[in-house]
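The chains carry the letters A, B, C and D, assigned in the order they are written, with residues numbered from 1 in each.
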Amino acid sequence: MYHHISSYRVRYADVDQMGYMYYGNYSKLYEIGRVEALRNLGVRYRDMEQNGIWMPVYENHSKYIKPAKYDELLEINCKLEIIPSTRIVFTTEISNEEGILIHIGKTTLVFLDEKSGRIMSCPEMILEKLQPFFE
Amino acid sequence: MYHHISSYRVRYADVDQMGYMYYGNYSKLYEIGRVEALRNLGVRYRDMEQNGIWMPVYENHSKYIKPAKYDELLEINCKLEIIPSTRIVFTTEISNEEGILIHIGKTTLVFLDEKSGRIMSCPEMILEKLQPFFE
Amino acid sequence: MYHHISSYRVRYADVDQMGYMYYGNYSKLYEIGRVEALRNLGVRYRDMEQNGIWMPVYENHSKYIKPAKYDELLEINCKLEIIPSTRIVFTTEISNEEGILIHIGKTTLVFLDEKSGRIMSCPEMILEKLQPFFE
Amino acid sequence: MYHHISSYRVRYADVDQMGYMYYGNYSKLYEIGRVEALRNLGVRYRDMEQNGIWMPVYENHSKYIKPAKYDELLEINCKLEIIPSTRIVFTTEISNEEGILIHIGKTTLVFLDEKSGRIMSCPEMILEKLQPFFE
């Protein structure tokens, strides 16, 4: 398994009138989690995109356990539990300042060849970097 | 079953650099779908909230079939397939201008008594209005 | 002068924990105002963009007079007071359900030739359609 | 003068189909700038709010010099050039990875007594902490 931890401060822009982070804004935290997890492996999504490899989201499942509140510093734990194929599945566990797990997201993305518009396999470059974590 | 149709024009603010609506923004469309479905029944969420009944999201599942693109006028079909209990489950089917189903969301919310902070049953007022659709 | 009126329902996604629409979200209302004002003239921004004409924002001034609140149906009055040159200036006046002016925005955009990356004059096609309103 | 520097990584969620950060999203960067500038002084906005002092935005002026692009690590320089009275004015200068100034924002907020709903003077606690920077 490969995992990487990022952090995120909840902003006024994120919070609704219940004082909770709006349910749609967790998607941005998943994005931060997976992009930083890839960067930590040495893979920049912006480079992939410039090389014609897109990663659109195919499926997402979110579980809201407890609300995230304004100004809290959240911990984003992004996990890759399975070696990617044509799909890559990131599990995002979000904890609040007291270390309590408040949210779980599971996001499936596909690899898309921009030119042909076709689904493709996970680039070798990513597989090689993940290999050591799955031995 | 009860269902209600709303529409939504995809804005520049919604779209990412792939030219697709950003995956997190579908949550706003589910919100529009369910709030307008309730309004159509004669229930305004703002009144519920002022009466101390909150409806935080508990779970969400999203399936991205095809991308929504800039300036498309989407159709949001919000369905209630089961009579709500302490939970209410909205299924949102989104179609593009050509009538093609591009996205499905399934959102579970709970009823929360703001004062006590406790989960409560679906208010009678909503159940009464839904009754005719489930006979 | 040319002006066009659109409407916008304030969503939960828009509102912060003061119960006010978040100050950054008015930008989306200006966008709706100007895009619908152009559409009403027979100009679709998506077509312009496909023809290689971009309209990035150059300057914006916002005045927050009164807050917009959750679920209010706002009126967006988008005005063009000067014939556009290399710049186009939209004034957006937003009123709440009681008809009270709550917000004024003034947004300056430029016309950009995507290929050359250079500022260009307002396309003839827009000028022709605006002409009758400035006689 | 008091100033404080924060940083922000441009996310996919922030960028539009021109590949530029959407013009409305700079507001979030101003927010990060001023909240972190206050935190660096020892003032947490969340504490102020819990003590019944709100800071709604009254006016904003934005100048878009160059676009911010996906994945860029921006520098947010938040400046307080005048001692606050009933208003506080933050100037936000945003630079890109090459150190080029790409954006300037000027945001005026007021101090509001939540209970009375009235404008109030800047709390002593903030003035004391700012004093050394204005001597």
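Before moving on, here are some points about what is shown:
Note that a contact is a pair of C-beta atoms (placed from the backbone, for glycine too) under 8 Å apart; a residue touches a chain by one contact, two chains touch by 3 or more.
Because the structure is predicted, anything quoted here is derived from the model rather than measured.
Remark: among chain pairs B-C and C-D, C-D carries the greater number of C-beta contacts.
Chain centres were defined as the mean of their Cα atoms; on that basis the chain farthest from chain D turns out to be B.
In terms of their C-alpha centroids, the spacing between chain B and chain C amounts to 28 Å.
Chain centres here are Cα averages; for chain A and chain C they lie 34 Å apart.
Here the CA centre of chain C is 24 Å from the CA centre of chain D. Residues of chain D found to touch two or more other chains are 12-13, 17-18, 22, 24, 27-28, 31, 49, 70. The residues of chain A lying in touch with chain B in their complex are 17-18, 20, 22-28, 31, 49, 54, 56-64, 67. Every residue of chain C that touches chain A in the complex is listed here, in rising order: 12-13, 15-19, 22, 24, 70. By the touch rule above, chain C contacts chain B in their complex via residues 9, 11-13, 27-28, 31-32, 35, 44-46, 49, 70-71.
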